[in-house]
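Multiple structures are listed underneath, in structure tokens.
Both complexes below contain chain A, partnered by chain B and then by chain C.
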Partner chain A sequence: MPGLRFEHVWKLYGRQAPAVADLSLDIAEGEFLVLVGASGCGKTTSLRMLAGLERPSYGRIWMGGKDVTDIPPGRRDVSMVFQSYALYPNMTVYKNLAFGPRVRREPREHIRRRVEEVAEILGIGGLLDRHPGELSGGQRQRVALGRAMIREPSLFLMDEPLSNLDAALRVQMRAELIRLHKRLERTATVYVTHDQVEALTMGDRVAVLKDGSLLQVGTPAELYDAPATVYVATFIGSPAMNVIPGRLSIVGGRPRVACLGAEFEVPWPLRPGAAARDVLVGIRPDDLGPAARAPRGAVRIGGRTDVCEQTGIAIYATVNCPGAALVARLPRSPVPAANQPIEVAFDPRDVHLFDSRTQASIADRSHPALAGVASPAAAAPPGTTK
Partner chain B sequence: MTARPGAPAPAGTGAGAGEAPGPAAAAQAPGRPAVPQGLRRDAERFQWGSLALLVPSAALLAVLFIIPVVYAFYLGFTNLQLVGIHAVDWHFTGAENLRRLAGDQVFRYSMELTLAFIAGSVAGVVIIGLALAMLMQTALAPVRIVAGGIVIVAWMMPAITAGMTWYASTTAGGTFGTLLGLANSDFLHREPLLIVTLANIWSQTGFAMMVFGAALRNIPRDLLESAQIENASRPQRFARITLPLLRPTIVTTVLLITLISLANFGLIYVMTQGGPGNATDILPLYSYQQAFQFDNLAYGALIGNALVILCAIFGAIYVRASRSRA
Partner chain C sequence: MTAVGAAPEAAARRPAMPPANRASLRALSGQAIANVLLAIFGALFLLPMLWLVLASVDANASWSVEVPHLTAANFADALSGSNLQSIINSIVMSGVSTVIATICGALAAYALSRRRIPWKGPLLLAVLFLSGVPLAILVIPVFQMYSAIGWLSLLPCSLFLAVTSLPFEIYLIKNFIDAVPRDVEEAARMERAGTFQILTRVVGPLALPGIGAAAIYGFVTAWGSFLVPLVLITDPSQQPGSIAIFGFIGNAYVRYGDIAAFSLIYAVPILLLYALSARLFRGGFVLSGAVKG
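What follows is the complex of A and B.
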């Protein structure tokens, strides 16, 4: 089987908590996989283990059907872009690009052609005689990328390659990286970032890590629509999901949730055996709007406005309700005044429920009604509710 | 306030005329305000009051350093002696001492010894110091601490102690000979220049190791890891990345070791006093011998002058080497 696989991989440093704990993950040939999480979640360590720069404490790593756990970095056919770019300051751009092929003793003429080709693709042809110190951040980034591309590896590793760029350049490079990845058809890319926007926009699939453990892996839409835990729910999406305590009860075989003084029936299937318990109710700010525009059957909650953030296309307002502060999305005008009474509403179909003890989702994701959430359009079709 | 001449320049004329883009042209680009003229508030100014604060240290420097050095330079061209008639009645003799120096076979020999001693010391210190520094990087912590401590103690040891230790170890019946089962062989007598060079290397290596250790820690790990992923072998990584990045440090270290070795007078004096014969009579020792053993103070001073010029030449070469790019 081509592609790669983490098989129960652990990485321990001294007596600290494990940097990576029992990571098992398959990555397909040509896939763009993003490892995302807060700093210290083990994403960079996982990447370095793929590169061979770090040896797993336990477990195995497979590439293209071969066990590469003990194979040194140079013989794994991977390229890596470092967060710092790691350009050799004593060499010109040309020599930086030619470094890999040269140490691998490829013919001189072939190297020259390859360097020019790659420089052409990345638009750095005019910089070949410069030293890295004479380049701007974006140019260095391209050189680092070019150095990784020159090898035509079967696996591309990127460790927060865009984090040192300014915002506008980052958005532009994001698109270029995706284009590049599409170009290298058989090359899988593993991309590490702490930025959930980058993760959602770039990844074919996204793996969310926390404290060394893999919490969830799936397409961006799956992570957004069906987060498996509270952490994933609040980490993915911006502004972050509102999470409020509630109480699940089963009334006449139907699940009902009480929270913020309101009560509503859960219109989608729960995991088998779900009994009455304390739950955490998740509502995305984008699913919480002014009550006046809410459809029939929406749950209404009264509160007072607090801080309003204008984003241009909408306003995200903090609404102080009895027992919780919720962020809701309001139309861009009229701008609500502070400390005014307001009623907001959400559709029970858009609610996420988590067990308050285990933090895990109690939605039944094997049920056809929720298995379809991978494609957003299919989310909660009307026929399946009530 | 606004009527300063030249300040309200007509906007756009400079840039519009297609002049070379200088600061003035940039300032007059359309839509940009003209840069005000006159003294800048943030201009650097000389503060006369600072002279008063500099006087004490300037006086100390002059009395204890500059005047003696100039005076010693002058002494090189006189007939001053330590004892005898010329100790009291001495005068400027022009190029007399220079002629003597030109015909002095011992001076020529001493010069060759000095160059050999410096070359050997510098090569030994840099290579061993760098090797130790690199080994230390990957050593287990206890090994690193113990070995590093020993090397640094060797470096901190006074020249007299180091010299006596090496003398006792390498002379007939010394430690090395006994350990090798050659109790009667007198290494110091047989290969005097080699032994004193080794002693000097031994006493300077700790310094080089510390300097290289710090420089190696400053090389970003990413660079070497990136090369590792490219499948560069250990020697390739060393030659193409580590060495070029260490170059400025190596040049500085070479210069320092050169100067420290030339000043390491006590070490050789304790071990051989320049002997046997003149076999270890490097310039600093020869200068000392002429001045204080043969009483030719002036001639000794002239040899000292030659030594200073030699150091200056080394310095100039190293500074050039550190500037040029590979």
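What follows is the complex of A and C.
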């Protein structure tokens, strides 16, 4: 049974550019799907359409095999955690949690049991008599979560629930949310964030949106290893991927790329029909290291060191090469001095190639040689990765 | 020599101090003049009050402030028969008017705050200006209308008073509802709460200080209204207190003692409301904790 489906959904506001453009997406039962993108990419609008707070301009939304496009928010079996928490400030924590069941006229005794259960899970049992104004940010977050959990919905929506917490608490809540999601086996979660780290660490699958369009959806590993476009490639992963202009040529039936004064053969298959053209060459900083340690067949590029960022386990150094500045990962010692000549190298197998006009990847992901990298076309069932 | 040398040395060690905060003579005299002026103005306000209290218990009350010949007769008069009835009429008139205006005002304010309404801006501006239209302009046409349909009595008069205080109440309540975050309302909608439940359980309680202030405003204006009931109520037994006071001024002589006693009784509900509103606003806005900004 398909859990949830966006079917060619559009959302337009007046004559502005569409907030969501032709979104088609399947979400399986029990899956944790993350919608990620910069602000204004349509992720929150998509979430609100799932919630029923916004109506799609075109297209349908399906839940559990039923068309819910015109069903109001309360009747969709959906709970939502708001970015602002949206607690009822005039009610105690207990009443906040019990609000939904009371409105739905559930038996009083049942409500009490359920509230205590949820409070127990979230560790807010001692706060039931307080008002939201007397709680810390983390506690409010838990109450908001508890309010969404009370009804055991088939779909959980979370709109940047961690963005108002401080860094340490955010990491802790991240783990708790994952644990919670595992606990509610059949409940799917759609989670909106602008933070790619959050997306990669939490999602069974991650959907990257930009300007209202879905660019790519896949497991975190797929997005990292096989980004479909330059935007996904640079958005996912930290530090961001180096993207440099290059030229693709076919020499004797074999694709060769020239960039930064070096030339190398592409060791993996390109899309059928790939011809000579301008390309963008993507190299992740983690795939670019000191030439001295590089394996045979690595492509070497000379340059001068610039800024170095110490992260503890490694140094990410900006290397000024002729024509581009690259970020490379260097060992934590010795700390390179500024403006020293340095040679960095990468393995051609780790390179990503994009058409410089369409910005789309020109790697042939369906080819068996790249099967290990997985293909974006075949959606992996949830829980198999991670 | 050493003594002279020590002083600058000590001054150098200590950080420089600003001049002491001594009030100059000129500032003091200025303050005295200000205080005297304030006292005079205060007396201008307090003397009538004092007269009111003294005259109400004075058997020979006149317009001047004097030592009273103590009596309770004035209060007995003020609470007798038609006078008591006029107080009750005032309570009914103001109460009905307040309930109508506040409920309608709250509903209208919610709609104007939340719904997408065409021409909302001009509409709100119109509401604001309507609250400034003088009653004297309206009351004669309304009298014509009411007399045509036989409505010249207490309850229809309350209805008209409600309508006159409605624009201001809408504006007042709308400002409070605007401050209630939309997320909170949407959270309630996600829980399958209907519009009525959202209003009574979420938005209403959160905007309560505003609704309370609007209700008090409505009650006080209706309570003090003179012209409207004078014109719109024909039956003397239905006249409210404000007109009863007028009745104490006869052709032959003015019953100062009764006026004072009646005025004091007539002021009691307003004083009670004042105390109530102080409590209402001390609680303040309870919006903190709804959202984290």
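Here are a few things to note about the model shown:
One rule holds in what follows: the second predicted complex is superposed on the first by the 372 of 386 C-alpha atoms of A that agree within 3 Å, B and C clash if a C-alpha of one lies under 4 Å from a C-alpha of the other, contacts with A are read in each partner's own complex, and residues count from 1 in each chain.
The rule is short, and it goes like this: a residue touches a chain if its C-beta (ideal position, glycine included) is under 8 Å from a C-beta of that chain, and two chains touch if they have at least 3 such contacts.
Remember, predicted model here, so these are calculated numbers, not experimental data.
Annotation: superposed three-chain arrangement on chain A; chain B versus chain C shows a clash. Of the two partner chains placed by superposition, A:Ser249 touches none, neither chain B nor chain C. By the document's definition of touching, of the two partners only chain C reaches A:Pro132; chain B does not.
Once chain A of one complex is fitted onto chain A of the other, the partner contacts of A:Pro89 extend to both chain B and chain C. Shared-chain residue A:Thr219: touches no atom of chain B or chain C.
In the superposed model, A:Arg104 makes contact with both chain B and chain C. When the two structures are aligned on the shared chain, A:Val78 is found in touch with chain B and with chain C.
When chain A is checked against chain B and against chain C, the one touching more of its residues turns out to be C.
Residue contacts after overlaying the shared chain place A:Asn164 against chain C, while chain B stays out of touching range.
In the superposition on chain A, contact is made by A:Arg140 with chain C only, not with chain B. Shared interface residues of chain A (contacting chain B in one complex, chain C in the other): 51-53, 72-75, 78-80, 82, 84, 86, 88-90, 99-100, 103-104, 147, 151. Of all the residues in chain A, the ones that touch chain B in their complex are 51-53, 72-76, 78-80, 82, 84, 86, 88-90, 99-100, 103-104, 147, 151.
Those residues of chain A lying in contact with chain C across their complex are 51-53, 72-75, 78-80, 82-90, 99-100, 103-104, 131-135, 137, 140, 147, 151, 164.
Chain contact summary for the complex, chain C toward chain A: residues 181, 183-184, 186-193, 197, 201-202, 205-206, 286-293.
Residue ranges on chain B touching chain A, taken from their complex, read 220, 222-223, 225-233, 236, 240-241, 244-245, 326.
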